[in-house]
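Think of it as A, B, C and D in the order they're written, each chain with its own count starting at 1.
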Amino acid sequence: MNRPLDPGSWQYRELNSRAPTLSTLSDTLIALAEEGHPIVAGSADLQYSNGLVGFARRYPERFIQFGISEQNMVSAAAGLATTGLMPFVATFASFLALLCCEQIRMDVAYCAQPVRLIGHHAGISLGFYGTSHHATEDLAIMRSIADLTVVAPADGAQFAAAIRASVHHPQPIYFRIGRGHDPVVYDQDTPFAFGEAITHGIGDEITIIATGSSVHPALEATRALQAGGKSVGLIDMHTIKPLDEKAVLAAADRSRIILTVEEHTILGGLGGAVAEVMAEHGARARLVRHGIKDEFSLIAPPTHLYRHYRLDAQGIEEVARALLA
Amino acid sequence: MAAEAGDRAYEGAGPPFILGYHPLEHGRNSMNTTLTQDEITRLEERARFIRLETIRLISIAKVGHYSSAFSAAEIFATLYYDTMRIRRDEPAWIDRDRFLMGKGHAAVALFPVLADLGFFPKAWLDQYTRLGSPLGDHPDMRKVPGVDFSSGSIGHALSAGLGMALGARILKRDFRTFVMLGDGEMQEGQVWEAALAAANHGLSRLIAIIDRNGFQLDGRVDDTMAIEPLREKWEAFGWDVSDVDGHDVVSVAECLRRLRDDERRAKPACVIAHTIKGKGVSYMETEPGWHLGYLAPADEARAIEEIMAGAAR
Amino acid sequence: MNRPLDPGSWQYRELNSRAPTLSTLSDTLIALAEEGHPIVAGSADLQYSNGLVGFARRYPERFIQFGISEQNMVSAAAGLATTGLMPFVATFASFLALLCCEQIRMDVAYCAQPVRLIGHHAGISLGFYGTSHHATEDLAIMRSIADLTVVAPADGAQFAAAIRASVHHPQPIYFRIGRGHDPVVYDQDTPFAFGEAITHGIGDEITIIATGSSVHPALEATRALQAGGKSVGLIDMHTIKPLDEKAVLAAADRSRIILTVEEHTILGGLGGAVAEVMAEHGARARLVRHGIKDEFSLIAPPTHLYRHYRLDAQGIEEVARALLA
Amino acid sequence: MAAEAGDRAYEGAGPPFILGYHPLEHGRNSMNTTLTQDEITRLEERARFIRLETIRLISIAKVGHYSSAFSAAEIFATLYYDTMRIRRDEPAWIDRDRFLMGKGHAAVALFPVLADLGFFPKAWLDQYTRLGSPLGDHPDMRKVPGVDFSSGSIGHALSAGLGMALGARILKRDFRTFVMLGDGEMQEGQVWEAALAAANHGLSRLIAIIDRNGFQLDGRVDDTMAIEPLREKWEAFGWDVSDVDGHDVVSVAECLRRLRDDERRAKPACVIAHTIKGKGVSYMETEPGWHLGYLAPADEARAIEEIMAGAAR
């Protein structure tokens, strides 16, 4: 049958490697390699999901295909790094942060190798692919590991800036990325520094602290609330570790409520990190942690899940309004 | 269109499907391994039903693993309508044979079978992947009656099946445990941990079936991380190995009957089912991009046509 | 050479299987099996370290040796549980909670199988065997997983009681155990209930909340401080999840300072869990988290490490005194 | 006693040990594979030194892995004093051959070698396992000059070595990567992931050496989780396999020289070194309990005697 297929039909691999945040990954790595940085990249049978196929086409000799063996990939990345290369290895966040947890601790973090781990499709962004493919524990897990920097960029521009900044970052890094289709939050040249939160305002009533995929909806919710006359602020806590304690405490000093928002369990992730700082400093504000409430997430198309878990702009606005009432 | 395909598929099922094996619940070794023409026709019909339902369900989800389901259609059909000892309407029967999928992403082909067997209402299928539905891209034992184990993360299933086979031995139950694995799945180390353990424990009632369709997500298995010589690997890990044409129900069913009933074998058994990824739909058969995708209605119709025509062949 | 060896020479396997807390494991499982519970046990080439060799000798057909393949063991335990058996599988905490993190999440917790996971030699108790063998992240990691109960008994008696209680507990459980040589804290028949902390007193100045191996030294420290006229209390938080929030809040309501003590990183474990409750409820008390300060632990004989990290009675007392000053 | 053993061991080393291979830093294929009597004597002497130092260090720690170190003594000696391209006093030389230990618990045998090569002060050894010491039961690259990779969790090393070999290829450096694995380690799935990948990437400069001592922690490998046929497993995973007597320095050294220099081989190479766990001390040689333990001074003295006597044999 040689008739061409209907334009409405599509193959995932063709489509997804063009997803904005993810093509950012490949494009930025290509640019860095062109500038002379010793970048190598690896993928475990997901080069179309993470867009690294672009890098692989441009630098085939610097791309390593590991097949479906994530643990081997992570340990090998550490070995690669010992030779002076800077490996970026990527796979679904659930398989990276959970399946390779011990390899990340021992071979990457403990051996202090400058490996960059890209956990993509984190949170519930894999929708109906199943709870097995959701990663709502990865921030808690990665945060428990010493000497590992943990970052969840809000959009493609911030991701690109973070990758660029990583070239001069001495520690290994876990990057947490979503589906790669994040709406734009930042201009291309917004500065980025690990561990320095971006404060979009402090509210007298509520300051929202959001990370990664939750920043954009939280920003929309904040604007809607402000438009309704509420004093609400927002902090983009792109670096979960080391946490910008100053930013947290500044907000906790002025706001009545700190509302953390993350596409993650409310245990031990962003909410947990903020709780530690607040409790340790006897902060005045009350903390409310919004996210997945310590349960296994349901399946559904991603947007339906965001709605269900109130992680879309409307949901965050509802949660905040209930607190203001 | 989708509904039509679905209806047609279930019409094909006719009155409650008469199972060749299940009525003999208690007897093993009680049937010979040769299939009758009637049985062959039925299994082929069920494989077609599985393909058509796969298309229908993916048309609801708007994205799915057509080709991973198609390569395994005859295997699913043979297992559930010939090989396995199960009770219609009693998914949790304690003595049932167990089935696990390492390649859980082909669950779209399993759900129609479980519904057909009466394990849950067929109406559930219409909600495939919707919020609140138990049916998603991967099988979930906590939500779906008849699913013996959940999967999604490739590489765990043989270990879980090993546990079931060990459990059967400890509890002195004679059920068999069948585990379907992808060929890309051979790259996961845990598979080899389980393989080694199964051979050490002499779990002859554990049967692995490898869907050797030659492709994984990033492309050909040979280009991604080649796994040959596959027979030698399994033999070196202490397994009995058979090769079958995975699209020939006679070959599959006779092999599985034989392995199921052979009580002299001391080793676990591995079946390398040689298959074609996307089997039944010409434009999927060699195109790796179809590991995951979506067919617009016009192409869906063509796929259905081809599947029906293939059946007539 | 047939002369017998000097009595001063010893083999670990002979010695360790008699370690009190660990022989408890084996003895309790044997007793439960004798009472008719469908216990099976599994070990990954560490039956002398966890003492399961005792169970293996008594019930060879119910003991499964997995060799050095921990992940296979965990997934297989889940498979075993589906057949109606109640599997207890044990290995070093670092290999259980970290190496098998994803198998625990998917096959045990998500599949809701009543598997009991015994992570022994947790914390820094493996001393100079190396940081690879330390588990100072396991509580944070296990706590992030939904539907999993996380318990760290203080001594053998409590461990035995917890194992007994587990028979009627619907959820899978992660037990965190030390070296098996814990000093006695409780009588043999002290009652145990998952999620119900044991409050040994609330202090006006400080209430210490400790877990697992830190309970005994914290108790000693508490007594020493009390003897010095300080109003100090202690809560044994044996269940990390679900956390006894009431006990935390009751203490946070009366004490000026809550001091958490754990042989674990101060991020995301007991200290993290307590911080979440306190911050969320706007607790009055200040929180101080004592433990490993987000760094890779050194190696040394265990007692030297406890001294170094101030996790022995003296160290805990020093930390508390500094807070009182 | 302990100090004495240690002193004696270092005396044995005499003036800076003259290495058969290292002076030829830049030439590969430059020497033949046959050992001179002089080289044999030296390697045997270094193996004895390793065993004596193992005893001394464990007498400091008061517990340790004697037998895991003893089975590998000739392998360590051969690698560091014959096979590997390294520079004395320059542990981080970029073109050095790399060494990784999957069985990191035998590091007690490696540290004296690294000290002997001048990678760190010998005095460090006396602080073995003490607070603040870089030297513990497992090798730590972050703390110990000359350790190419940290280990402790069995099963990672071949993957890390794979990464180094890939790095060498990308950077167009010709160093070799040697990975020592335990036979119990074969049970870890990650080893097979790495094995498959190394063969796929044709990493002929990656050489795995399996210390086939027949025992693991819980007892005999055969009783715990048997791994035979081992050669067939590695061959089926695409490796070139050699068998050697792991206590015969001639056999080990000639094999490693050959594998190191063979530029025609397209596959990674695996050496199955047949060894005896506890080799050199009679009461350890067949007693599995000695995987981990402690020798009181009297038994230590007997062990030292036996080791010295064995050397004279």
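Note that a residue touches a chain if its C-beta (ideal position, glycine included) is under 8 Å from a C-beta of that chain, and two chains touch if they have at least 3 such contacts.
On a predicted model such as this, the values are computed, not experimentally measured, just so you know.
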Moving only between chains that touch, what is the shortest number of steps from subunit B to subunit D? 1
If you take the chains that touch subunit A and keep only those that also touch subunit D, what is left? B, C
Winner on C-beta contact pairs when A-B is weighed against B-C: A-B
Quick one: report the Å distance separating subunit C from subunit D, using the average Cα coordinate of each chain. 35
Per the C-alpha means, the centres of subunit B and subunit C lie apart by a whole-Å value of 41
Which integer distance in Å separates the CA centroid of subunit A from that of subunit C? 31
Which subunit B residues sit where two or more other chains touch them? 150, 152-153, 187-190, 193, 196-197, 200, 225
Of all the residues in subunit A, which ones touch at least 2 other chains? 66-67, 69, 71-72, 94-95, 99, 102, 106, 110, 131-132
May I ask you to sort the chain touch graph into line, ring, star, complete or other? complete
For subunit A, which residues count as touching subunit C in their complex? 94-95, 98-99, 101-102, 105-106, 109-110, 131-132, 137, 140-141, 143-147, 241, 265-269, 271-276, 278-283, 285-289, 294-296
With touch defined as at the start, can you tell me which subunit B residues reach subunit D in the complex? 187-193, 196-197, 200, 225-227, 229, 232-233, 235-237
Help me check something: in the complex, which residues belonging to subunit D touch subunit C? 61, 63, 104-105, 129-133, 136-138, 140, 150-155, 184-185, 187-189, 216-218, 224-225, 282-283, 287-299, 302, 306
In their shared complex, at which residues does subunit C touch subunit D? 1, 3, 5-14, 43, 45-49, 53, 65-69, 71-72, 94-95, 99, 127-133, 298-301, 304-305, 308
Within their complex, subunit A touches subunit D through residues 40, 61-62, 64, 66-67, 69, 71-72, 74-85, 87, 102-103, 106-107, 110-112
